[in-house]
Amino acid sequence: MNKQAELIRQVSGVEPLKCMKCGKCSASCPSYEEMDIKPHQFVSYVQNEDIEALVASKSLYKCLSCFACIERCPRGVKPGALIDAARQVVVRQRGQQYLSADEIPALLDDEMPQQLLMSAFRKYRR
Amino acid sequence: MTYSYYPGCTLRTKARDLDKYARACAEALGFTLEELPDWQCCGGVYPLGTDEIASKLPSVRALDAAKQKGQDLVAVCSACYHVLKRVNDDMANVEDIQTRANNYMGLEDPYKGETKVLHFLEVLRDRVGFDELKKKVVAPLTGRKIGAYYGCLLLRPGKVMGFDDPEDPKILEDFIRALGAEPVVYPYRNECCGGYISLKEKALAGSMCDKIMDSAGGFGADCLVTACPLCKYNLNQSGKLPVVYFTELLAEALGVKEVAL
Amino acid sequence: MSVKNEEFRPVIVAFCCNWCSYAGADLAGSSRLAYPADVKIIRVPCSCRVNPMFILRAFEKGADGVILCGCHPGDCHYSTGNYYARRRMTMLFSMLDFIGVENGRTRVEWVSAAEGVKFSETMNSFVDKIRSLGPNVRLGDLRCKD
Amino acid sequence: MQRIGVFVCHCGSNIAATVDVKKVVEMALKEQGVVHAEDYPYMCSEAGQSRIGEAIAQKKLTGIVVCSCSPRMHEATFRKAAERYGLNPYMVEIANIREHCSWIHKDMEEATEKATILMRAAVAKVHLNAPLQAGESKVTKRALVIGGGIAGIQTAIDIADAGYKVDIVEKTPSIGGRMSQLDKTFPTLDCSACILTPKMVEAAAHENITIHTYSEVEKVSGFVGNFTVDIRKKARMVDIDKCTGCGVCQEKCPSKKTPNEFNRGLNNRSAIYTPFAQAIPNVPVIDTDACIKFKTGKCGVCQKVCQAGAIDYTQKDEIITENYGAIVVATGFDTIKLDQYGEYAYGQSKDVITSLELERVMNAAGPTKGHLERLSDGKAPKEIVFIQCVGSRCSDDRGKPYCSKICCMYTAKHAMLIRDKYPDTNVTVFYIDVRTPGKNFDEFYRRAVEDYGVNYIKGQVGKVIPQPDGSLLVQGVDLLDQKRIMKKADMVVLATAIEPNPDVRKIATMLTASIDTNNFLTEAHPKLRPVESPTAGVFLSGVCQGPKDIPETVAQAGAAAVKVIGLLAKDKLKTNPCTAKSDELLCNGCSTCANVCPYGAITYETKLINDHGIREDRRVAVVNSALCQGCGACTVACPSGAMDLQGFSNRQILAEVDAICR
């Protein structure tokens, strides 16, 4: 098995074979239209070990971790955890962080809660 | 009754109000929030990766500290509550995480998810009781039409959070009713505000908040109430309706708003 | 666990009631749901037919674990047999515990005729448990050994 | 000393591919008392059986062990074969080396070793077998059918037509069941009531059928051929013989605010009511929880207006006891509760309804008189969305893991009927898969698409979003072109999963019939005995056994009837000879065994006992072998070790234990 596919499976704890391809995850996703690879496709990409396309996908940074897909999946597949694991695989690599320290000052404003920065750091950086 | 209290980073800075009102209301309602000494930031998001341990440790420390005191652990911020509750669930049910986290911590008495994590709203519902709360209201918010905004973190995943029906919650509506106002039920109340994505994807978060505001406004809400500083921030960027913390409403109704500040 | 336990092939006796658990075992078989060959099944009409004496005899003769499977509470073919079995086994197991036979060596499980998966999972987990406990030396009658 | 023959079956390659059958034969010959051992490709075949016969004759065998499939499959076959060749059938033991060995193990050495041990255990047991004689019990030539839906009605009619008496026990005030709630039926679109009512009338008029409506089975005892059943006839408060069914009482009843169960709670009914116009019997009942007379003591309007004097407030529940030879369970189904599916806004919007509710809306006798209208504002819907698989095929604990089977077809039916009657109403169906196996089923579905222009979209819906203007926004995706769909609808219909009637658990427990994890009753064999419960004398009809549509239900109802008729046609049944037996010399007359016996099969007699020369009168246990079912509870309870179970004696089981642990 492809090493990265195996890693994504392990980190996410998701068994893609449970998926019955109903599309409810995509139907629930608030970011659906922003995504190039749709939530339900993540499952088959991992199943088919097409990891190259997956890690290059901009969907990794569109997922909100809102857990709507996880909540509603009738088969307990957790597509959101899969997307998160794919993002982890990327940002854990050197030089692959999605948020650099340099760009932060420009993104800040006075009202912005610490929580937002913390969360973004956790999601976008190693 | 005394609870261990985990305020979280934002309640110490941008969301001071959320914290102050919570403490004042607690006193008014006859319970005490005892802040944990040396708490560390929960990280804002729950680390979904099954191999992530270090990022869960601040939560484990807080949970264990509450266990040492024999108290339930209360959070007010949705994100802190979410992270604490999920880490606690891991510590109780996921053997691998339990073992590895305890190995890191090197505790004499390993932590196995013994602490009960409560959101301030749960204390109101399950410990104080909304009927009891209603009796303590001195300045009912009569005539106000308030939309409850839950967001994601309080509710999902429903099985772990066990907070309310994740698809059709009612705790905030009951809360609003207890304060004498009229709750406005609208379908986007459990849809995401955009969360952390607003840092780099302002437009995407903005469109989500617009949908929420439009839906609430359409059903007649004149303001939204939330428990999450990030939700409040994101919703405020849309600005179609005013957004307040639930503790502020509570303080107002209990007549302790001025005392708090 | 240790290498020793890898090599250890326990002897496990499973008493299964004819109506639910034995049929569940059959279903596990026809569904090809594997469990270790260490498990040998004895068919009894009902879990209440299992005399504590049978279990003691098994341990005495060298069994390392004994499991009793019956219908789910309320589903007994003979209405109440599994309740009797449950009470008797509770008594027996506490006595076995008292004389030093580890609690994990005995188990009561309810498996219906439709639960092939549960049967297989139960046997797998029971065998794992017995393997981790190692051979039964406490009750084994040394005179029975070759 | 027994002379034992061991017969090892290859079962084609089912056993032989994993178990070295020759080796098992070789090992068998080393066992004490084994004078013959052989293997054969198909032991259960005619040729295989005659080899057993030859061995019995030539080697003068007194007992045989067949190493083959489960005794639940072929024990009876080999017992009959033994009997044919002059051996007592109870001298046969089966070693299950297929289901319990070859099918679950891969390693040949390991499997062969296990098969050998199982063979040894069976040989050890046969050593201690004794010839047993089956007794006989008589058959009560009357059947009970629990549930008066289409399944129960059809089973009852078929049994009655064969000349046997049948009683139907129905919980609600009328027979008819779910089918009476349906408007039209697929795939022919004929009116449900039009085909059901004649059957209801036929059942009611049949001289061999007795119908107990508003009644429930309270207690069941006995066994195949001889069940005794207590039936609670709930107090109707209306004299069934006097009532003329004029309906005036229902019109005049001042309490009219009880949700109408027949219309799925979409409108209200009076406290005195008949569920629907064609009800059988056409006699109302008083819902005492809703009746003002029962709540306050003041009212009595129905009694005043009843010209026939049929109203009787003093009626009490009545328990009748009947004997039956066979029992058919036909308890049917209900739709699951949707409390946990908040994302579909059921319960949040009146215009989100289940398919069964839509049946009532479309029905002329329903809450809208058959006009398709929104329940919120009575307006005609112009856009209707159907959502499939709501709660079906869910492995989470919100729904059911199985396919409910009927939804694809009834949705096509609804879509077609709506497009036919209201051509300016658009219909969209969100589906995961369209499943149409059945005669003329796929053609039917294609007609909905091709002739009626129903819009099918592949993809489960994520959320139904009520809009401030009262419409509904359906959020989904079209999986085939990856597009987000935001469909505005006036009404949303949920194809809600079906589940067995919740009462079935209680009934299964009373009947000691097994039930699966989804509360469907288990059949004796999933392929070959689909209408029999593993409990002898209990038969299954309709959805209580698994999801099915009307044609399948009727077919199964007929099959169950045939099985019942086959049973009732016998005058006597052979009883199980593996019954308990007390050793009078050991019995101390303590009554412990009688206290645990679920069948009351143990009595005490004072007998003259000769205890090693001492003759005295002693009180000893006596087992009535016609009543004993052979569970063995008494054998373990007996403190003096006097009680034993024939065929599963203490010594036999201990011999098996010893053989396994050797």
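Just so it is clear, A, B, C and D label the chains in written order, and each chain counts residues from 1 on its own.
The rule is short, and it goes like this: contacts are C-beta pairs under 8 Å (C-beta built on N, C-alpha and C of every residue); 3 or more make two chains touch, one makes a residue touch a chain.
Bear in mind that the values here come from a model prediction, so they are computed numbers and not experimental data.
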item: Pair joined by more contacting C-beta pairs (A-B or A-D); value: A-B
item: Averaged-CA centre spacing for the pair subunit D and subunit A, given as whole angstrom; value: 46
item: Centroid distance [mean C-alpha coordinates] between subunit B and subunit A, Å; value: 24
item: Between subunit B and subunit D, centroid-to-centroid distance (C-alpha), Å; value: 48
item: Multi-chain contact residues (two or more partners), subunit C; value: none
item: Junction residues of subunit A, two or more chains touched; value: 68
item: Of all residues in subunit B, the ones touching two or more other chains; value: 166-167
item: Which pairs of chains touch, using the document's own definition; value: A-B, A-D, B-D, C-D
item: Parts of subunit A lying in touch with subunit D, wherever the complex brings them together; value: 18, 20-29, 32-33, 38, 40, 68, 72-76
item: Contact footprint of subunit A on subunit D as seen in their complex; value: 343, 389, 393-396, 398-399, 432, 458-463, 475-477, 479, 482, 484
item: Contact set on subunit D toward subunit C in their complex; value: 70-72, 96, 98-101, 103-107, 110-111, 113-114, 117-118, 121, 505, 508-509, 512, 514-517, 522, 534-535, 578, 596, 598, 629-633, 635-637, 645, 648, 650, 653-654, 656-658, 660-662
item: Of subunit C, residues touching subunit D in the complex; value: 11, 13, 18-20, 22-23, 25-26, 28-30, 32-35, 37, 40-46, 48-54, 57-58, 61-63, 71, 74-81, 84, 88, 112-115, 120, 144
item: Residues on subunit A engaged by subunit B in the complex (per definition of touch); value: 10-13, 30-31, 34, 61-62, 64-68, 70-71, 80-81, 84-85, 88, 98-99, 107, 111-120, 122-124
